[in-house]
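Shared between the two complexes below is chain A, which has chain B as its partner in the first and chain C in the second.
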Partner chain A sequence: MTTEHRRNPEEIQRFTANELAQHWVLMITLTVLALTGLALFAYGTWIGKVLMAIEGGMEARGAIHRFFAVVLMLLTAWHFFYVVFTERGHRQLMEMLPHASDFRGFVALLGYYLGRTAEPPPFGRFTPMQKLQYWGAGLGSLMMIGTGLILWFHTQAMAVLPKWLFDVTTIVHGYEGLILFILLFGWHLYIVHFSPGNFPMQRTFLSGRISRQRLWQEHRLEYLELFGDRRPTPLPGQREEESP
Partner chain B sequence: MRTLAPLASAALAAAAAAQPVPAPTPAPPPAAEVRQCGICHGRREFKQVDADGTARTLWVDERELRRSVHSKWHCIDCHADVDRIPHPARLAKVNCQRCHFPGNPVGAPEDVNYEGYVKSVHGRLRLAGNLKAPACQDCHGAHGVVKHTDPASQVHPTRVPATCGRCHVQIFAEYTTSAHGISLLEKGNTEAPSCSACHGEHGILPAKENASAVSATHIPETCSTCHGMTEFNLRYGIPINPVRTFRHTFHGIANELGSARVANCASCHTAHNVLSASDPRSTVNPANIPTTCGRAGCHPGANANYARGRFHIDPSSRDAGIIYWVALFFKILTISTLAGLGMHILLDLAKKLRHRHHGAATRD
Partner chain C sequence: MRIPVTALLQLAATESSIPPAGGTVRTVVRIVLGVFIAMLASYVLIEQIGSWRRRRADRDH
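Moving on, here comes the complex of A and B:
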């Protein structure tokens, strides 16, 4: 599948193998962390009880959760070095920085949804929604790592922290995890899998490639920078891609 | 000499119950017979001196017998191995099962508890030949047995602690100074638990055995008999439901899943020395929290920080303080996130589906 796409001259490379690998590790890690975390957070409901049974009880659940927590910490270190010390990574981070234009772009997108404008607003390399997903997942993960370490090393942490702060940490870790779960497993999965035109999936996360057609539709500013004002011609048989 | 015909043993009795047996009608024992036993046993100073020099009274107080539920039975109805007078020095221990079995023909309260006793720690030891382990009469009394609802009964709730305490001396001492003990023994509040309220009566099992009502995993359920009821807790000045709030903690969930390693109610509050947290002697008094949490290798190095906060927190109650507000903030944040993202999804879906219906042709 991917080789076929690579041969397609109408596609361009959007992400490197390194970036795709980071995405894979993050995807697997956050999925396992969410399921093992929910088993405890939602233990009062049947969902939690079912998850807890599947995951082999309290001790096994905890061991799995902490193992993948270590993976997440390693991935965070990997990503940190990537965006700080590699030229390509640093450029991506710069592209990802939020701007006031992102907010205006999002408002304009709402206007387009509501029929105020005929065309969606033009977006750059990363749309406001993608930036929100990146920073939500990134800062959220950092917060989860911080609070998670306090919970993991609770005996040592409680020697320094008052008990009420430990209780607050427990609440923050639980709800922050729930919000991340909603952001990634609700919103992100909708956008890349279920949004009409993307079903069953947007393939970029597999190949790292994107069609020029989709780039034109979804990342107009990046397209103009790369190819100028020349509109892409849809390949024969290829359905016109949808907007963001 | 009279013999008590049909009631030889529990085993025989089961067979006897199947076929109708003429039930012996208890009649007041003839004064002559009582007097016969009373020739010796009616004398206050009648005693036996054992080889080691200890004296054992053999006096039977006739008034005690007359007051008991067995007042209409004869001495030999229970002491069935007496077939001549004077009788052998050592008689067999009276077997209550002669009458107290399900379906007995004499109308004795049916002892459905016997099976529980046989399996209990007391029954197992007794049947294994340990004569220190209690048989029926050790707890219920011998000649003076009265109904357990009678305050004079050794197994009346207010007297159970002293009865168990005859053997469990150390525990009895702890219990009498605990909140439960003071309430029951000093204030006469029968809502307060005696030993049997937690441990059971006939079927008492060692706490180490999982099936025990006081095993690590069953303790919360046992305590919740009383402390699981909000109305009960409020009556005793306990503002939160301690069992429900425990169930939501790491300790509570692990405990429910069968972990004996985590703290259960008794780990912190102790089993027998339960005291209000405001009592300086209580293990859960803020001053003692570090010691309590650091005990048994649970949280080594526990210090005063462990007491800086509340226990048994209900994050959805304002009493939880900052935890309530943080939880409320996150609940609102979660709902807003859900609403915001859900709205975006709906708008995106609506726009794209409408596009599809009108066809791509209408686009430029």
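Moving on, here comes the complex of A and C:
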């Protein structure tokens, strides 16, 4: 079992320093890429003009965007090697694979929210929403890298690609970026920090640790695998968590 | 070398420039974006309603 007990016995280590570092780099990289991309995508609007001015104009914006695009490519390579060549990373990837039970679990969760069931469905190490965010961000990033490289090396690309494909690439890069932005800065932030039971901030992304109580509520199957059916003791004043 | 950004944007906007392809793609992508936003908003709404109902039920007991 990879999850270790450290310091506070009511908390367990859920993510390693390597995983937290990858998350931090991704968080910073995507934020900068989104802001510098939005400046161009929304160039005709006031927000685009404000962002463009803050980022130092068209050329500086492009340089910053491309620098962080390279960082994203390096991070993708880092993550690829992590999940393919390390035992821990590979196990995480296997846990992330989507199954039909994820869809059923998601429907059951909506049923719980709508008051059809008294208990939320039990989830394993990763909930269906976490899997959706991981694969959405991962595959979305790969698509952004591919289309971004065509736009970056447009002279070479135009020598081998038809113009219509170049135009389509421009559209896909812009809108895919917007979808990623909404997925990560809207839905991901909402689920992790602003949803019921998590507001104002969940600290797992800082320390990699999670309370047993939260693990019981949100990842029941993983909890049972780790601790059997010994229920965790709620912390003083702690209310039952609501959101898996 | 400075890139003549304004001139390039004006050129792209003139009728004499090569018309950009991908009008259908743009429409499809916008529809996907709209559906995506609607789904996320529905999820948040359903979760908030569920949370509100449970809090109300806890209070009533």
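Going forward, the second predicted complex is superposed on the first by the 231 of 244 C-alpha atoms of A that agree within 3 Å, B and C clash if a C-alpha of one lies under 4 Å from a C-alpha of the other, contacts with A are read in each partner's own complex, and residues count from 1 in each chain.
We take it that a residue touches a chain if its C-beta (ideal position, glycine included) is under 8 Å from a C-beta of that chain, and two chains touch if they have at least 3 such contacts.
If you're wondering where the values come from, they're calculated on a predicted model, not measured in any experiment.
> Evaluate whether chain B and chain C can sit on chain A together after superposition, giving fit or clash.
When both complexes are placed onto chain A, chain B and chain C end up clashing with one another.
> Return first, second, both or neither, reflecting whether A:Ile171 touches chain B, chain C, both chains, or no partner chain.
A:Ile171 sits against chain B and chain C alike.
> Which partner does A:Ile182 contact after superposing on A: first (chain B), second (chain C), both, neither?
both
> Kindly classify A:Thr155 by the partners it touches after superposition: chain B alone (first), chain C alone (second), both, or neither?
Touch status of A:Thr155: first partner only.
> In the three-chain superposition, say which chain, chain B or chain C, touches more residues of chain A.
After superposition, B is the partner touching more of chain A.
> With the two structures laid over each other on chain A, which partner does A:Leu40 touch: chain B (first), chain C (second), both, or neither?
Only chain B is touched by A:Leu40; chain C is not.
> So, A:Pro196: does it touch chain B (first), chain C (second), both, or neither?
both
> On the A-aligned overlay, A:Glu222 touches which partner chain: chain B = first, chain C = second, or both, or neither?
neither
> Tell me which of 152-160, 242-250 or 296-304 in chain B produces the clash with chain C after alignment on chain A.
Stretch 242-250 of chain B has C-alpha atoms clashing with chain C.
> For chain A, which residues lie in the overlap of the chain B contacts and the chain C contacts?
43, 58-59, 110, 112-114, 163-164, 167-168, 171-172, 175-176, 178-179, 182-183, 186-187, 190, 195-196, 242-243
> For the complex, which residues does chain C have touching chain A?
2-3, 5, 9, 18, 20-22, 25-26, 29-30, 32-33, 36-37, 40, 43-44, 46-51, 53-54
> Under the touch definition given earlier, write down the residues of chain A that touch chain C in their complex.
Against chain C, the touching part of chain A is residues 43, 58-59, 110, 112-115, 163-164, 167-168, 170-172, 175-176, 178-179, 182-183, 186-187, 190, 195-196, 242-243.
> Residues of chain B touching chain A in their complex?
248, 250, 253-254, 257-259, 299-303, 305-311, 313, 315, 321-323, 326-327, 330-331, 333-334, 337-338, 341-342, 344-345, 347-353, 355-356, 360, 363
> Under the stated contact criterion, what part of chain A meets chain B in this complex?
My answer: residues 40, 43-44, 52, 57-59, 110, 112-114, 129, 154-156, 158-168, 171-172, 175-176, 178-179, 182-183, 186-187, 190-191, 195-197, 239-240, 242-244.
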